[in-house]
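Each chain gets a letter, A, B, C, D and E, in the order it is written, and its residues are counted from 1.
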Amino acid sequence: ERGMDGDVKVLYSQAISTMNPYLSSGTKDTDAASLVLEPLAGFDPKGEIFPRLAAEIPSRDNGGISEDLKTITWKLKPDLKWSDGSPVTADDAVFTAQYCMAPDGGCAQLARYEGVEKVEAVDPLTVKVTFTEPKPNPFTIFVSATAPILQKAQFEPCLGTAASSCTDQNFRPIGTGPFMVKDFKTNDVVLLEANPNYRDPAKPAFATMTLKGGGDAAAAGRAVMETGEFDYAWNTQVSPEVQEQMKAGGKGEFVSAYGTLVERIELNMTDPSSTLAEGERATAKHPHPILGDPKVRAALSMALDRQLLAELGYGEAGKPTCDLVPAPEAYAANNTSCLQQDVEGAKKLLDEAGWTVGGSGIREKDGKPLKLLFQTSVNPVRQDFQALVKQWWQEIGVDSELKTVDGSVFFGGDAGSPDTMQKFYSDVEMYANNFDGTDPEPYLAERTCNKAPGPDNQWQGQNINRFCDPAYDAMVVELSHTSDEAKRGELAKKLNNMLTVESNSMLPLVSRARFSAKSKSLGGIDLNVWDSELWNASDWFRVK
Amino acid sequence: MLNFALRRVLMAIPMLIFISMVIFLLLELSPGDPLGDLPMTIPPEVKERMREALGLGQAWYIRYILWLKQFFVVEPLYWFDHLTGTHFADGMQRIISFQSRSPVFEVIAQRLPQTLTVVGLSYLIGVAIALPIGILSAYKQYSWFDQLGTFISMVGFSLPTFFTGVVLIVVFAVKLHWFPSIYDTTLVVRDWGSFMAQVRQMVLPVTVLALYNAAQISRFMRASMLDNLGQDYVRTARAKGMSERVVVLKHVLRNSLIPVVTVIALGLPGVFGGAIVTEQVFKINGLGQLLITSIYANDLPMVLTLTFIFAILIVFFTLIADLLYGVLDPRIRYE
Amino acid sequence: MLDRTDEALTRAPLVTVSGLKMYFPITTGFLRRKIGDVKAVDDISFTIREGETLGLVGESGCGKSTCGRAVLRLYDPTAGSISIAGQDVTQATPGALRRLRPLMQMVFQDPQASLNPRMTVADIIGEPLIEHARLTRDERTARIYELMDQVGLNRDFANRYPHEFSGGQRQRIGIARALALNPRFIVCDEPIAALDVSIQAQVVNLLEELQDRLGLTYLFISHDLSMVRHIADRVAVMYLGKIVELAARDDLYLRPMHPYTQALLSAVPEPDPDAEAQRRHVILKGDVPSPANPPKGCNFSTRCPRVMPICREIEPAFLEERPGQSVACHLYTMTAEPTAAEATAPATEPEPTQGDRIS
Amino acid sequence: MVTGQRPILSVESLNTAFRTRGGYVHAVNDVSFDLRPGELLGVVGESGSGKSVTMMSLISILPSPPAENRGGRVLFEGRDLLKLSPPELRQVRGAGIGFIFQDPMTSLNPVFTIANQLMEPLRTHMGMSRDAARTRARELLELVGIPDAARRLDDYPHQFSGGMRQRVMIAIALACDPKVLIADEPTTALDVTIQAQIIELVRDLRRKLGMAIIWITHDLGVIAGIADRVMVMYGGQIVEMAPVRELFARPRHPYTRALLQTVPSVRGERAAKLNVIQGQPPIVRDRPKACNFRFRCPYRFERCDAENPPRFPVGPAHDAACFWDFDRDSPRLEARGLPREAAHA
Amino acid sequence: MHEATAQVRAHALDEAETVAASAGGGAAILPPDAPVRLARPRSQWRDVWDQFRHHKGAMIALVIFTLIVLFVLIGPSLWHIDATHVDIRARNKGFSAAHPLGTDQLGRDMLARLMVGGRVSLAVGLTAMLIAITLGALIGVLSGFFRRLDGPLMRVTELFLALPLLPLLLLMVTLFREPLSKHFGPALGIFLLIVTAIGATSWMQAARIVRGEVLGVKEREFVLAARSIGTPNARIISRHVLPNVMSPIMVAGALGIASAIITESVLSFLGLGFPPDFPTWGRLLYDAVDQMQMYPWRVILPGIFISLTVLCVNYVGDGLRDALDPRIRGR
């Protein structure tokens, strides 16, 4: 019965700054918004799409998707109501698209609306989306917590430049979700209460929810696992020992699920040397003098013990991987070749490549030492990884200099800073990335030659390691024209292998799970890595 | 005195504008980007559109002047409207945070109570502990109490609050379950129960901060008391047959407080700046936390406004300290 | 101007001060507008002859120290000119002034405060040598020892710090420092005020000996009238920034002309119970007015036992009333007044008027 | 002169020492004297001779540590002040013995009004109401000759000149009608004209109120003008004690003699050269075993190095601690001086 | 006690003689054959040390501080385990013969890390403190001594107090990390960067205190005396003013070391510090805070080292202050 379980307390170690996911793309903000705003369809923990506001998932079979893959038509469930009691109509969906695609609105989810030609309301319950080109995967617009439907009536004054001055709308959007905002304190706490007009009259079980933000992962874990002050804590990634100790607190348990997040080491294929002119540094003009050699790259990969890294760094929340795309099953190549550390083999490869061991145990070639600058963002686990990797590489005669960069700078993408991951002014760097949704195509497509960050694109590309292979680019084009599921899987696996086990231009290390903590008294948790982590908050209940 | 204050205030204005400009340039030049936390999957064109929507496309001096106008004209007008119900500020653009897209001042107003209750109270308590300790250690110079005081305040000074705070949490929240480890900013004090809850959640952070403040202020107090205990007027008071209590707590204390009060006044802007680490440790989302998250998110308007307010407070409290000196010490009078 | 001793008469003036004014501005308002001045020294003129000692006496705050400092250009005077040994001090550029420094030196009132507590005696005495003389270390050490001998300090004390000395010894250190550069003119700003009676005599004797031997010229500032009588050749009496009377020593002490000088002399107690019991004192009423706000007319009019209406209106001129004795008082300018005649009569203790006695 | 009366204050073999890093400093050694009602006892001696410490020891107002009382008795109204409990002692300090300190500039608390400081003892010791105390405070200010007293009550010390501050100090000391007033160099920091005012004031007050006064100074001129009896101190001891005229006429201690000769005068003959007491005052590190003045003394002979001279009677109510007999110009023959206990009588 | 009397006597005799000589008339002042003794003034540092030795607290602190310095300087050459050597099998070990102070989460030897970390922390603490107090003293002295500079310099101080630290540091690191690394090598380059960053942002307190003190000293008569000699301002400052404001500078210095060590750890935490394979005490402390419950000694050990260093420096500063003050020294 709705509201009978009282209050549930959720802790996010990053505070929520807005409830409008179109104005922020932080996971914390889209997650929070997903309690209130809903898309037409979402993904379930298996990565399968399921209808939320839509009556059913459009497909070619039911005619929802046109043969030319250029249109998709959604039918809304009948009798849906906004929390203010007004009906949900196709106009709201049309408006939402208009809102995000308005020229100077600064919509953070614009990528979800890419390739959309027009959105129209066929009738009050039918929305039709037309794409400019055939879209093998049309489930971007209106799908998942990052592209929910806004109420036209509420957001009408907020189009374009007005978006940011609509504080009240952004903080208290009217939605269809299980909860509605009672009080919002930006970057601090959100108080929610059950939506009286939620479509399932029995849900949610909780009358109110407190969504608190701030602090760090360890403190969040402690609050659920040890002191029991909170019911659920998002992203409680702490070291395995601390995990053990927290479990001993007896108040809660950890939940984890694997998605596509992979911690990897990227090997710079271009020369980052500061002696090069600015503008040519780390660009395709100058191949990397050391890492340009595939044997060296292979040796660097073989020297790593990924098993140990996963165990030490993440415990239950990580497993070793050789793949850039570790999931979903249909796309995962499931390589295992790299999992075994092979120091001797690595040494042999380096010998073959002409790098001989010098006086101090460091290899050299033509009087040049085999020395690499290894950078990553500030994060205790990454620093531990750096230390381990440095040692392993040392064993095969590769010296490395470690460098850390503040996360906000490293990931900030500021073209003015020399320390961003995109600039990659170092030989190797480590970070983690994943892709949105279940389709790896855009993710893989980012690795083409022309997507390499460089001065001409303000260092904005995502081909971080400047991998460049015409065969790869060709295969990406092929993938974009393929709609057959099995075929797509094959192509994706090939692309994956080209980047990883074949070229070793990127060394995947650990596939990282979403890792959160829940109180033992909280039921209904089903951790979802493909969509908002709070995707099924309507099903949560208090264990009696 | 009034003249003196007026002159100082007037002189402070150009200086504050200069400070704000320095801060602005500093923020402008430092690396980082307000769109830093966007997922990497977002295409560059989208990012560029978002940057423009934030107003980042214009030249820095235009944005700076715009900000000055907003700070000195629009915001005061807005609050004036708010109080009087007029509509002067309608349609004017207020200072908007990049991060939450809400008016910066509203967020600050929201945060102020937390910061003032916790950090402010801890400062008060710190002062309240520091003064007696300082007085006693000076009165009994070189006694064991004095030695212990020195020792503890040095240790207190050399341990970071990210360490002492966590120790307190582990002991009192995790092990003993006496106090919560997370500060609930939504708690409203309505009755005895909620009042006690408020007290309980304030105990740990206030303790950490109060001890840290007390360590420093007690040193100052001690030094000042020692200076004054040797003065001739103390002997006069004793010769009048005053009891030790009166001698120490009336005659010496009043004089010793003069320099200490200014030290305390100059420490006060720090209260508004918030105790960043402690707020972080106890999840008190006050001004300190606001500042640090805004810096991480490169929320330029927020950081600029906060630091500028902080600068105003520093300048203001320096002035207050100067004036307090004049008020407390009749010898110093500003013509 | 006539000097009493023939010997002094033949000597040329070493120091000439004319029209010296030293005002310290008082400001207010938020533009720091100047609203007035502390007229610490207000238009004084005098000369000091080579080898002579001019005593400068007066009450606390009357501007004695300011005058001494201004003469040495430790302050920049508001107006007036000062020349020492023919060199203009008022207009000297910083470089020129630095070259003039060895000529003129100063001995300070508080021997404790005027010695840097963190320097040894040798360092203190050696400082002027370092600044002005090019000496090797050994030459300097030799000179320091010589100076210590001159002022009667044991050479073994060279490495001691000021606090290890008695007041008299400290003052000797200060004198040695002043002597280091062979000055011709020394301003002694109350050099004995902080010393014990028994030590004062030692220091005064030393100063006199040095003067005899080295031909020094002193401006001796003090409020101890008996010591000034002992050491000075001529004496100037200051009141509230002005010299009210300037005369040869014996003239001044035997025949003080200005009512203030008379009161001052009468206030000095006599170390003789019988004499004290008989003596009648002129007791001045009230305090010295503030130099920031001096009274209209004669500065002394607020306390003067023989005040006349004109005193409150017009400032008396500083005129030579007798050979070598100048005074600024209306009693003497208005010769028609009976009181003037009475006062000119030589009298050690003029009869005070009735109302001014507390007894 | 009020002689023959019972002394109001009687000090017997008072000893005070300071503990310092370099060992003890014996600042007061076997000091005995008494004070008769209405009498003005002058105390002279050079700086560091122990004048202030002696007087402060009487009412135990020296900071301890470093000061330590090393025996002796201070009888005031039949009670030994050194044995009183703190509250009793405070009562005596406030209401029995008034104290005026040397430096008027620093002896008043700069942050309280004159009224506040004047009323404090009145309210504590006399239990006066606020209004009564204020009225009395005004009367006191008038008594010490501060014009416009009512208005100046609420001024702060820095608004007063040095002479006026010293008047205020006197008013505070007089507040509770003390029987004894101790004035520790009340005029040393003041100008001669102001000094003359204060001396006149004290003469006047003495006539009106009739209390006994101890007046410390090192100005022999002041002593000559106001004292009835004079006590000369040197090195923490009393070296000579005599009625004022007797002392100036027939000084019987070499130190006193030298002191009288060093002082130049504004009126008498002007000496060509000042007389000098050579050497420095001693620092008494130990209880004296020999004459403290011997290194500076022109009359020094063997006995001076072997024994500390006791006070020998040399005339009516006149004694001196010297082995040289100036009347006969030869070493003194007596083995002993006044017995310690009798020294004050 | 006999000794004491003897001293007094000797002193007094000395005195009597010299004074007699001076009083005796002109001839006696300069004995014609007075041998000019050229004995050099004895070293002041000997006196300072003699006095310092008598300050019990300072001596104990000095001994401990020396031990700490030896520990971090000589330690690594005696204890051969590399501080950055990862030994996975020996993770999270307690005290044992192989690892006397245990190991961390990667099996790195804590003893070695404390030694090596101490080097960095002490170097950073001392250097940054020196920079901060030099800057603070300079600005304080200038603004206290020269009236005209007072206003502008104090405004600059306020400006620095108002600057947001974090963006400032980020900016400094961005601008200077690479050029410095290129010039001085990565470790020294970053060291320089960090100490200047800390120094440049922590001098304000010292400047204020010194200024106040200078304002007082400036009015003392010996400064006027120096001026009357014709000593130029620069030397008045160095000879007369600075030595007399030493004690507040020392206090500021002692506190400065503590805050520099802590600030360094916060910098590492922000990624602005040393490379991650560079242990420092602050960093060891910070890294271990999360695991405090399981491995308390890992927090306690660096904590003790930091506190001990700060305490020692404070007491040594106390002792030095007394020893440098001739007035106290003489007692």
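By our rule, a residue touches a chain if its C-beta (ideal position, glycine included) is under 8 Å from a C-beta of that chain, and two chains touch if they have at least 3 such contacts.
Quick caveat: nothing in here was measured; it's all calculated off a predicted structure.
Contact with chain B and chain C alike is made by D, E. Traced through touching neighbours, the fewest hops from chain A to chain D number 2. Among the pairs B-E and A-E, the greater number of C-beta contacts is found at B-E. Each chain's centre was taken as the mean of its CA atoms, and the one lying most distant from chain C is A.
With centres taken as mean Cα positions, chain D sits 55 Å from chain B.
Averaged Cα coordinates give chain A a centre that lies 88 Å from the centre of chain C.
Chain A and chain B have Cα centroids separated by 38 Å. The distance from the centre of chain C to the centre of chain E, each centre being the mean of the chain's C-alpha atoms, comes to 47 Å. Shared contact sites, meaning residues of chain C that touch two or more other chains, fall at 202, 205. Residue positions 31-32, 174, 295 of chain B each touch two or more of the other chains.
Contact of a single residue of chain A with at least two other chains is seen at positions 407, 409, 417, 419. For chain E in complex with chain B, the residues that touch the partner chain are 155, 158-159, 161-164, 166-168, 170-171, 174, 255, 258, 261-262, 265-266, 282, 285-286, 289, 292-293, 299, 303, 306-307, 309-311, 314.
By the touch criterion stated above, chain C contacts chain D in their complex at residues 59-60, 166-169, 196-202, 204-205, 208, 223, 225-227, 229-230, 253, 263-277, 281, 283-284, 286-288, 348, 358-359.
Against chain B, the residues of chain D that register as touching in their complex are 56, 59, 61, 86-87, 89-95, 98-99, 101, 103, 106-112, 120-121, 124-125, 156, 158, 169, 172-173, 175. Across the complex, chain D meets chain C through its residues 46-47, 145, 147, 161-164, 190-197, 199-201, 204, 218-225, 244-245, 248, 258-260, 262-267, 270-271, 273-278, 280-281.
Within the complex formed with chain E, the residues of chain A that make contact are 218, 238-239, 241-242, 245, 274, 308, 312, 377-378, 380, 383-384, 386-388, 390-391, 401-407, 409-410, 417-419.
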